[in-house]
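For clarity, chains are labelled A, B, C and D in written order, and residue numbers in each chain start from 1.
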Amino acid sequence: MIQDKKEHKFGMVIDLDKCTGCGSCMVSCMSENNIPFKEDESRKKDSITWMRVYKLTNGKSFPDIQIAYLPRPCQHCSGKGGHGHSPCVSVCPATATDYGYDTGIVSQIYTRCFGCRYCMGACPYHARYFNWWDPEWPAGQEKYLSPNVSPRMRGVVEKCSLCYHRYQAARDKAYYEGRDDIEESEYQTACTTACPAGAIVFGDLNDPSHMVHQIVKPDPHPDPMNKYVVDKSRNPKVFRLLERLGTNTKIYYLSEREWVRKAGDNYLDGEWDKVKNHHGSSSK
Amino acid sequence: MKVDRRSFLGLGLGAVAGVVVSPVGLKLTDDSSIWTQNWPWTPVPVDGEVSYDSSVCNLCPGNCGISVRKIADRPVKIEGLAGYPINDGGACLHGIAGLQYLYDPARVKTPLIKKGDKFEKISWEDAITLVAGKLANIRKGGAPQKLACITDKTQGSVPKLFDRFLTAFGSPNLYTMPSLESCLELTAQTLHGNGNTLGFDLENSDFILSFGAGLIEGWGSPVSCFKANASRKKRGAKLYQIEPRLSNTAACADKWIPIKPGTEADLALGICAVMIKNNQFNSSTFKDGFNRFAIMVRNKYAPAKVAGICGIKVADIEKIAGQFVMAKRPLAIPGRGRGRNGQSLKEFAAVHTLNCLVGNLNQRGGAFVMAKNDYLSFPEAILDGVAEVGAGQEKLAGSVDEFVTKLNAAGKPIVDALFVYNANPCYSLNEPKRVKQAFKKVPFVVSFSSFLDETAMEADVILPMNTFLERTEDVPSQAGLTKNVVGLIRPVLKPVFDTKDPGDALIFLARALGGSIAQNFDWETYADCLGDVTAGIWDSLSENGHVLVPPKPFKEFFEGPPDVDFTFLATNPSTVQAQGDFGLTLIPIDNMRLLGAMPADSPFAIKTVSDKVLIGKDIVVEINPQTARGLKDGGDALLTTPVGAARVKVNFNEGIMPGVLGMVRGLGHTFDNKFVSNKGVNVNDLIGPQIESGSGLDAAFGIKAKISKV
Amino acid sequence: MDSALIPEGADRCSFPKFAIGICIVGAVALWGVYAMFLCWFKGLNQTNMNDYYGFALWIWADLAVIAVGGGAFFTGLLKYIFNVDELKNIINFAVIIGFICYSSALLILAIDIGQPLRGWFIFWHANVHSMLTEVAFCLSCYFAVLTIEFIPNLLENRQANKVPFFRHLAHNMHGVMAIFAATGAFLSFFHQGSLGGVAGVMYGRPFAVREGLLIWPWTFFLFTWSAAAFGPCFTLLVTWITEVVTGKKLVKDNVVHLLAKISGWMITTYIIAKIIDTIYWAYVTAPSLGFKMSHFYTNNSFYGYWILITEIVVCGVIPGILLLNKSTRENSTTRWIAIVLGVIGVCLNRWVMVLQIMAVPVMSFDTWALYVPSWQEVATTVLPVAYGIIFIAITYRYLPVFPQERELNHTKLEQ
Amino acid sequence: MSKIENKAENGSGEGVEKGTADDPKDDKGLGLGVIFFMVAFLVCFLSGWLLFPKLLYSKKEQPFNFDHKLHVAEVGDCETCHFLREDGTFSGLPSMESCLECHTDEPMGETKDEAIFAREYVAKEKEVPWLVYSKQPDCVFFSHAAHINGAGMDCITCHGPIGESTTSRPYEENRITGYSRDIWGKNIWGIKKHSWDRMKMDDCAVCHKKETGQQGYCFQCHK
């Protein structure tokens, strides 16, 4: 079987200097993945947006203030030491979410989930959403739903799947054509293809020929400063969200602006200046 | 033997035991959980063969190419069309959400006629007969100019058909909604003569001086602007953004220059003054009035004075001028926000004058003066006697805003019938309530609309239109682009409801009127018509889905740049001031996540709107903490302007100039769609029109306001 | 009218009086049941939980009742394993309270999950890495054990006892009770612990995460220990309330003092461990992840240092001292103060370990999230209380729960 | 009677012996109790095994009989009608379009089934609303390409010898879940004699474990 021949580690790098906060990725995700909507979506704490764009500011006052936008899909953590024990996967009591060692993608199976919401508590990125309501579409609108992603029922948790169905489709084509593996361009997520600024680069972090690998340059060795952290980027402009927790996310972010990179994690006073120039182990 | 308690105990126990050792328990437990996994009320999308259709999106003037993924002939996803000259694969959130418009709860499903204050269904035949009857009477009256029409734009065969209809009918009263395109045409016409428009070569400029143009807030053709902006870093191109608020564009610009609202023109002329003083300009093509202009700016727009007006430092003005002149491919672009509402000709002209002075006209990375595209060739219009009469009449007004003002001013109806096509003036013009009044004064209003929006509600008859996914139409793009692409909208599915293409509706109507009007519309269907009138390009258009008409500069490049006529600015037309005398200034904010005009937003778009913009049903107003005396961040407040007042929530934002209030444009719809309507207020309700003398444009960039805690 | 059922020699209030009381509490219970059905049929949108507050009031209630229900396993442990014989006079009641607490916990869990009909997946498709799985298994097993521990007492009912089979059964079961007590203690140790683990393993949540031993974070042991420490407090508290309500003395002081003393030692040792844990977390664990302690207690309108001090000092150290010290322990006023504080303390600890975790922002650009439960949540949380009162009332009325009751109240008569 | 008495004696068990001795009346009561017990047990036990499955599933007839055997003989294989599309997706049941590659609204043979087909569907240009025995629920992603091209499996392994069928058996649908009975299997205990007798998740997992060494990750088969 294909995924046995080669182990992928799909991930993303998002250029926050290119991101304009336009929201195309959010909507593309919604329409690709049959995300429901309700009358009041302004309560962001119960509004299902697999891809959510956060607004960051540098906290300065007029006119020195700066803002940046940070798109946040599920971070697809590979967990402490990269062993696949993501914060959510390790806590799910019913194995409704698992870590695909062949793809590095964290799944969520709506029909297995019974809605205990432990995974939501465990996720520091708020990437997981609960279906508090039955999904309802205005008359006729259910006609645009895609059969590639199963609509969720009330009472279960859902989250970004990195458009796994697009991976499946690409593999089906590869099988049909008798190919062993899929091309970089054959599997791209809905947010990636939608971004009008081309801020999102998606691909296989394990494959040196893929753009995402070339930008991120993941460090094969654990971070000497924190044994739980693996695949730290060796690109000084690239960072991950809450890297210090050892969640080992596969969504990387890129920015020229130091304050933006600093916002990616938490630092004690003065700590940032010590660590800001540390980018993975010396190995090149 | 007596039957006692214990016998029944036995009975019970037996039953239980029997069930336990049968599969019932296990099976039911399993099946009941499987039932929850397949609740009948959770939809199951039908699977099938995948196919792709390509078409063009016309939700905004951008006209991007789209690829529609269909499964079992059901459209399920809209994406940008790779290789399309405008957006090359990119797409904005509104286009991607386009499918939601097909099944929008507010769609007009059949022709409707107003009885009392309710709408009733009516057949197409009856609707057309009724309209034709009314129109025939107007012509009998011998005053055909009393039919007026409002459309969204002037370019393309459908607007041209409405034009043709009015001509054939005998009325000059055709008006279009304010748009960036019309402003650019007007500017080009004023500085370079008739029949031109402007395009800006953002992709190749290395120094963009933007006077509030929301390059990533939907200005021009949004996706192509996004791409141009995204490539700046690679090209090392600078962007200076001049506006009162740290918009997303300002945020990603190399420099944000906060400036008092409505003083953009002054700053532009101030920079002109500096350039002229330092003799840093190229006057080879200057025609009339340059000297008068030079003297005027020297006297009236000395940096010191301008600095005061705009609230920036003299040094900065000179620095900006310096950098603009020094740049290899400098480019100044006008049009606050989307460049659609509340724009002023003076401002556009002043900003474009910078391009003229720096001499980048028709140069790579500069401003292009292009002939309006003319790919359409309609047969000569046939006018009967009545039409001749009307043709001689004066147009009632210079702009749709002036038209509305005139309607209100008049005692008895000056217009007997009004067509509205693909426009929502009762929402998107300033102070809509006055527009609604004006509509009430028109005895018979016909709306050609896909949605039962604010304007359609005011109509007496609604003729339901196909959405862009169900129709055929040619859409020429301009929207500030330097390339002139004619795209072809093609239906990706059969009309969901009993709706028609606008062209077909007009042909149907013309036929019903008969006579010379019918002769002018002598086509079986709109599709035939399109084939005829685009004859020149039809083959490649229908084959490739678009035609790239090469940009036709005023003169060919080698002949040098076009002439520039300064007479308009030389007279120093007065700058429009904000109405009223309150302490603060309220300005509308164009936000990429809200379309702001026609059509209203999709549920998905509304879902992406930040809770710093909309909370529940309350709109959020941005204010700088310095000016927020007595207000609480996130608290309620009452916002008052000379034309209205509204309950709002307050958001302290360090990214907006002290003294300025920012309110997003595009909320506060009032029609029947719970996902989109009755959320926040319509900022236009709070702003009164300010007609600019000379252009007739409504140039209200904002309005004076006060805000108080409640 | 129901005198046939009332244990011999015990005097109980008249049936009508009893019935009225039950009806009043029953009304409250019905309110809870109504809310429960709302949640089942309309879904969890009936609550004020949201995607930031996946765990809320209910999970707190769960952890709290299980913690205070810990009196059952600990008293059982002392009585049957360590043969602290005096405790036989309160063990029945401890078991009943435990039974109520655990049945309530299971009920709340059944309401709390989004797909109740799939609840059994937790057993069928169990993920062995999940603390919640451990909780589910131990919880249900221990509930079974409690039921078994409760049966003999049930069979001692005057009528039931007439049936020889039941009489013998009851008798024999008493004999083997030690085994169940041991099993119970073992199971309890684990699920009390795993409930602590639930928070401790969330390494994405710096407020919750703790180092630990093997797969078990320190919170695992702290939870077990605190349950053992404060559980008896709750048993004593309820006993006292029952005494007040019935106006009778039901348990001899020496028993009360003994349990209080044991509880005192447990509390003190627990609170020392807790203080060490907190300090280590505040000065080593959290900073290593980039968090100052103040981050967790400032910049929001509710959670301040007060909650930390209340939990550890006011409701931990103080009751510990009061119960250790003989004079304050045997002075009823101070003893009751200590016991009440203790019960509040353990509940507060569970609150912090569930709700404050959810409230604290983790991403630097995220914000505090506070929440107020909806009436449906409150009602369903009150339900177990009402149910508990009714259950105790009935068991007390019809079962010989307190072996010393007769003796104590006869002696009263003689004087 | 006496037989039952003895049963009762034994049934009442050691522990209670003393009790029964005390009070002979119990005896008969208990005896009767045992009869009641037996009866109730048998009734529930049998209905659980025999009646329940009948009640649980509803039978639905196909629009008309389809003779697979005949068609296989005519076209030679399965793939002509059930094929993989070029994008690797599976065409499933043939659409009217592909039927019309051979058929017209004039029947070719003289079976009444074909007559129905021609009259009711071809003539009226309606798709035939077949009921699919092997239909999996919406949450399942199944790749025919992976199994046919990737693993080189044949149709029979999962679908059984349906190609040899000459008539269409009625489609049985679970009244609670709406599943086809073929998923759980004909046997109420779900005991399978052939690889195609049952198609629940565990059946996929077993084969995957055997063939690929591991059950596979959730997303491999779920969407």
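Keep in mind that, in the parts below, a contact is a pair of C-beta atoms (placed from the backbone, for glycine too) under 8 Å apart; a residue touches a chain by one contact, two chains touch by 3 or more.
Owing to the predicted nature of the structure, the values given are computational and were not obtained by experimental measurement.
Trainee: Measuring from CA centroids, which chain ends up nearest the centre of the complete protein set?
Mentor: Looking at where each chain's C-alpha mean falls, the closest to the middle is A.
Trainee: With centres defined by CA atoms only, which chain is the most remote from chain D?
Mentor: With centres defined by C-alpha atoms, farthest from chain D sits B.
Trainee: Report which interface contains more C-beta contacts, comparing A-D against A-C.
Mentor: A-C
Trainee: Can you compute the centre-to-centre distance for chain A and chain C, using the mean CA position of each chain? Integer Å is fine.
Mentor: Here the centre of chain C sits 40 Å away from the centre of chain A.
Trainee: As a quick test, compute the distance in whole Å between the mean CA positions of chain C and chain D.
Mentor: 47
Trainee: Suppose each chain is reduced to the average of its Cα coordinates; what separation in Å results between chain A and chain B?
Mentor: Distance between chain centres, rounded to whole Å: 34 Å.
Trainee: Please list all residues of chain C that touch 2 or more other chains.
Mentor: Where chain C meets two or more other chains at a single residue, that happens at 115, 118, 121.
Trainee: Which chain B residues sit where two or more other chains touch them?
Mentor: Those would be 32, 35-37, 44-45, 47.
Trainee: Mark out which residues of chain A touch at least two other chains, giving numbers and ranges.
Mentor: Correct list: 43, 95-96, 111-112, 134, 147, 151, 154-155.
Trainee: Would you mind writing out the residues of chain D in touch with chain A in their complex?
Mentor: Residues 84-89, 137-139, 141, 143, 145-146, 149-151, 212, 217-220, 222-223.
Trainee: Which stretch or stretches of chain C touch chain A in the complex?
Mentor: It comes out as residues 43-45, 49-55, 112-116, 118-119, 121-122, 125-127, 129-133, 136, 198, 201-206, 287-292, 295, 357-358, 362-366, 369.
Trainee: Once bound in the complex, which stretches of chain B touch chain A?
Mentor: 36-37, 39, 41-48, 71, 74-80, 87, 89-93, 96-97, 99-100, 102-105, 216, 222-223, 226-227, 229-230, 233, 246, 248, 251-252, 256, 258, 496, 592-593, 603-612, 614-616, 624-626, 654-658, 674-675, 679
Trainee: Would you mind writing out the residues of chain A in touch with chain D in their complex?
Mentor: So the residues of chain A in touch with chain D come to 1-4, 95-103, 105, 107-112, 147-151, 161, 164-165, 168-169, 171-178.
Trainee: What does chain D use to touch chain B in their complex?
Mentor: Residue list for chain D touching chain B: 26, 28-49, 52-53, 56, 85, 87, 89, 91-92, 137-139, 174, 176-179, 188-189.
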